[in-house]
Amino acid sequence: MTPVVMAAAETAAATGSTGEQVTFWICGTLAVVGALGLILSRKTVHSALFVALTMINLAVLFVTNGAPFLGLVQVIVYTGAVMMLFLFVLMLVGVDTSDSLVETLKGQRIAALLLILGFGLMLVLVLGSALNGITAVGVAGADEAAGGNVEGLARLMFTTYLLPLEVVASLLITAALGALVLAHRERWAPRQDQAQMLKQRMARYKETGEHPGPLPNPGVLATSNAIGTPALLPDGSPTDLSIPAPLRGSVHSRIAGRPDEIEADVAEVAQIASGQETTRPEALGPVTGHEDPATEQADEQADQHADDQDGGKA
Amino acid sequence: MDPSAYVILSAVLFSLGGLGVLLRRNAIVVFMSVELMLNAANLAFVSFARMHGNLDGQVIAFFVMIVAAAEVVVGLAIIMTIFRTRRSVSVDEPHLLRN
Amino acid sequence: MTIPSLAAPLSEGSEGAVEPITATVTAADAGGYFPLMWLLIALPVIGAVVLLIGGRRTNRWGHLLATVLPIGSFVVACLLLVQMMGAPVDERLVTLHLWDWTFAGMFEAPFALRLDQLSMVFVMLITGVGSLIHVYSIGYMAHDPDRRKFFAYLNLFVAAMLLLVLADNYLLLYVGWEGVGLASYLLIGFWQQRDTAAVAAKKAFVMNRVGDVGLSVAIMLMFITFGSVTFDQVFEAAPQAGDTALTLIGLTLLLAAVGKSAQFPLQAWLLDAMEGPTPVSALIHAATMVTAGVYLIVRSNAIFDLSTTAVTFVLAVGIVTMLAGAVIACAKDDIKKSLAGSTMSQIGYMFVAAGLGPAGYVFAIFHLLMHGMFKADLFLSAGSVIHGMKDEQDMRFYGALRKVMIVTMVAFFAGFLGISGIPPFDSFFSKDEIIKAAMGTNIFAGIAALAAAGITAFYMTRMLAMTFFGEKRWKEGTEPHESPAVMTVPMLLLSVGALFGGVFFLYVADIEVWLEPITGYQPTEPAIPEPWLGILTLVIVAVGILLAWRQYAMRTVPQQPPQQVSVLTVAARNSLYDDAFNEAVFMRPGQYLTRWLVWFDNRAVDGAVRGLASKIDGFGEGLRKIQNGFARSYALSMVGGAVLVGAVFVVARWF
């Protein structure tokens, strides 16, 4: 932010010029839009972006209010760090997650709207009537006395508010440690080297017959989303193991719009692979994603999960 | 410019944040709504500082930001931990507060 | 009731009533053997403890120890008796304070023993007869695998009974009272593998509880009325108490006595109690425990003297039981049950005597003493017969045993002479005195006592004839034989008491003079001049004997009891329908009441409680909806609260 802008802002703050009014109405409106977007958007990522919008606009308003330092901190710390942290967590949790906007608690939505409306109205009316006719002194004088906004804040922080500053500092340290502790995952079993893992794998193969080798590559079919399509084993039967676990079910449900085509593809490939002219033999079992037991189970689980969310009270 | 306009804007944002807390089930969104409410409060602080002509309000707003940052760190860590065990970040997760 | 008392010299200036003796002598002051009084109780307690805790290790010598210890008590008792006889009359009441036992506020009951002339008589009877029966039991129980336990219980009984008669206050007496009840229960049910024995023990225990409630209520009433439960203080305060209180105390004491002594209407348990081993029947259910009721009444004479109502009830109970017991004894074929009926009847005599007031107390105790000897003798003889007849108790399968069990026959015959009132043996004196006193006080009681004397002679002759005379009616394979000396010697010793105890105690030991300081004594003039009354009694007894002899010795006794008999006989065979009566009057209504209570409890009480519970539950369910576990709902209520608080501020500001 250049000194020019700062000077302009200072002037605006002192005078309450038309420029400030324009800024207020634009940024205020955008801030409210961001807040509404936060509430209304179905996807969490969108919500986060809307919050970032609100915060940036608020930063501008801070500046117009004679708090350029806070405005910068808002942009750097809040929008830059905190919101990005939110986004990181969102990535970890799954960008995909979208809230169902169906309200599960009976009456929660109506009651929340009414109460918040009442609360907001009360705040607006009370504050409006209380602050009506008050003219702002402006912080320009205070800034000037200290030799600038940052200097003024610094003077206050390291004199009058020294103790709170120390307390807050230790709070930050504690929070950082707390986050470390919370996010830390204890290793309960000793780390295994590759030889041990190989032995275990062979032991499992001996006991349960689990396939010791690597999982099959994803099947590649021209007509469908490759990664979500089951691969074919050498004997021609399709295997669900080739589909990454998170995609089982969900991707299928996405490509389920064209189940006939997939079924046809799979059947064709199977026939070619087995060198038979006839249609798919019974021994191959069900091939389609829909009829595959494992996939179906995954589907059910997904459904159940959705049910849980929808019917939270059940 | 009438300073009460800022305060009213902050009241509106605060209320919207509260609405978000009440209506959204995703813990992260709820968290962001809380951040929004804190920001709205900060706006009010800054406006009051301007009305009174001293910097104390701005210092308080600064402290609020620090505390909010700390809170975000811990809160997100908690969300991560819960997600790790429950595979869900819904605050309506049945029996989260029951039993 | 004022009684010209011979006790007057003891307390100058008395107004005629039996002045309670309060000038007690402590054992320490009395010196001599008196401080050893506690040994009387301690010795049998040691026996019981050693045998019960020692377990199987004491099997070989346990019964010997348990026999020696009561004999030791007997020796101590003899020493005490000698010393007491040597002491002046007003120094014969000795107390021994062992330790402070129970105290709460103004209530206190020390663990103290009191030995006076009355207790002394009982101590001699209990330790003497008890020792003989212990010796007898060595032979009788020789083949029982649980003999050690039997002797432990017997010792326990002796200890409890001694505690009962030596107690210095009613609360301690109550301990002994319950102790003998426990011992009685354990010993009646000694052969618990028999259902009948187990049921009989339970029956005795339950019916005794009814009486025991009476005693506990009496003790509470005493504490309320007199503020104390020690004999001295109660008797001293009795004349100042109100009529109602005294009558109530008297009646509750009578209830206790009736329960313990198997008197009407709580008599039903005694016949069943014969399920116990015969030595038990002899010691507990004939000689000692069942006479505790008589002891209680005589001991409490200060109270009964002051309440005409209570005394009249005692008399009535005595008359009814005396006649009923005698009638039952005539009809029972089981030798022990017949003797049990006789016991009821004889204790009825004692109650009659006690119900006559100061004229009879002495003779109640006198007859009790005689009864203790001749009835123990009779029971031991009967036990010897049963032992020889392979546990057969039905007299219809006896007969002609005089030829094979001559010693037993002699002992039984001695008991017969003792109980029947033939001069110059025991009952001739004791029963005669009771009849005389009754005739002088209450003519109905006198006539009833006369009649009972005749019936007594009848049933005793019947028993004697059916058992030892007539022809053999033995079951196949029965080979009666004489019992070993360890059994016959005690029988013979008791026979001596049964024959000559009366003469000894009335003319040599002067029992009425001995007891008079405790019980008071007031000779009465019978309605019929004395020689004639004696002759009349003898005639009635002779008629009873002759009738029974003609019926049971001259004619053949059938093995099956005859069915064409009078209503009275049938009733007597059924113990005068006491069980049926109890069942109809107490058990059935009790069962109905219980069922109704259960129903009431289920429907009304539980219904109300459950209804309330379900209402509360419903309310809780309603509240639970608020606590639904959803964080957002809680947040919503927080916002609601914030709005409310804000609104309150706004409104407050507004106005």
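A, B and C label the chains in the order they appear, each numbered from 1.
What we mean here is this: contacts are C-beta pairs under 8 Å (C-beta built on N, C-alpha and C of every residue); 3 or more make two chains touch, one makes a residue touch a chain.
None of the values given here were measured: they were computed from a predicted structure.
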Query raised in the report: What topology does the chain contact graph adopt: line, ring, star, complete, or other?
Result: complete
Report task. Sort out for me whether A-B or A-C is joined by the greater number of C-beta contact pairs. Result -> A-B
Report task. Take the average of all CA coordinates in chain B, do the same for chain C, and state the distance between these two points in whole angstrom. Result -> 89
Query - Between chain C and chain A, distance of the C-alpha-averaged centres to the nearest whole Å - result: 93
Requested in this report: Find the geometric centre of each of chain A and chain B from their Cα atoms only, then give the gap between the two centres in Å, rounded to an integer.
Outcome: 17
**Report entry** Residues of chain B touching at least two other chains
**Finding:** 18, 22-23, 25, 92, 94
Query raised in the report: Tell me, which residues of chain C touch at least two other chains?
Result: 628, 630, 632, 636, 639
Report summary line: Note: chain A residues in touch with at least two other chains are 105, 108, 112, 115-116, 119, 123, 312-313
Query raised in the report: Can you list the chain C residues touching chain B in their complex?
Result: 627-632, 634-636, 639
**Report entry** For the chain A and chain B complex, residues of the former touching the latter
**Finding:** 12-13, 16-17, 20-21, 24, 28, 31-32, 35-36, 38-39, 44, 47-48, 51, 54-55, 58, 61-62, 65-67, 69-70, 73-74, 77-78, 81-82, 85-86, 89-90, 92-93, 97, 99-100, 103-105, 108-109, 112-113, 115-117, 119-120, 123-124, 127-128, 131-132, 134-139, 141-143, 146, 149, 152-153, 156-157, 160-161, 164-165, 168, 171-172, 174-176, 178-179, 182-183, 185, 308-309, 312-314
Query - Parts of chain B lying in touch with chain C, wherever the complex brings them together - result: 18, 21-23, 25, 91-92, 94-99
Query raised in the report: Which part of chain C faces chain A closely enough to touch in the complex?
Result: 628, 630, 632-633, 636, 639-640, 642-643, 646-647, 650
Report summary line: Per the touch rule above, chain A residues touching chain C in the complex are 105, 108, 111-112, 115-116, 118-119, 122-123, 126, 312-313
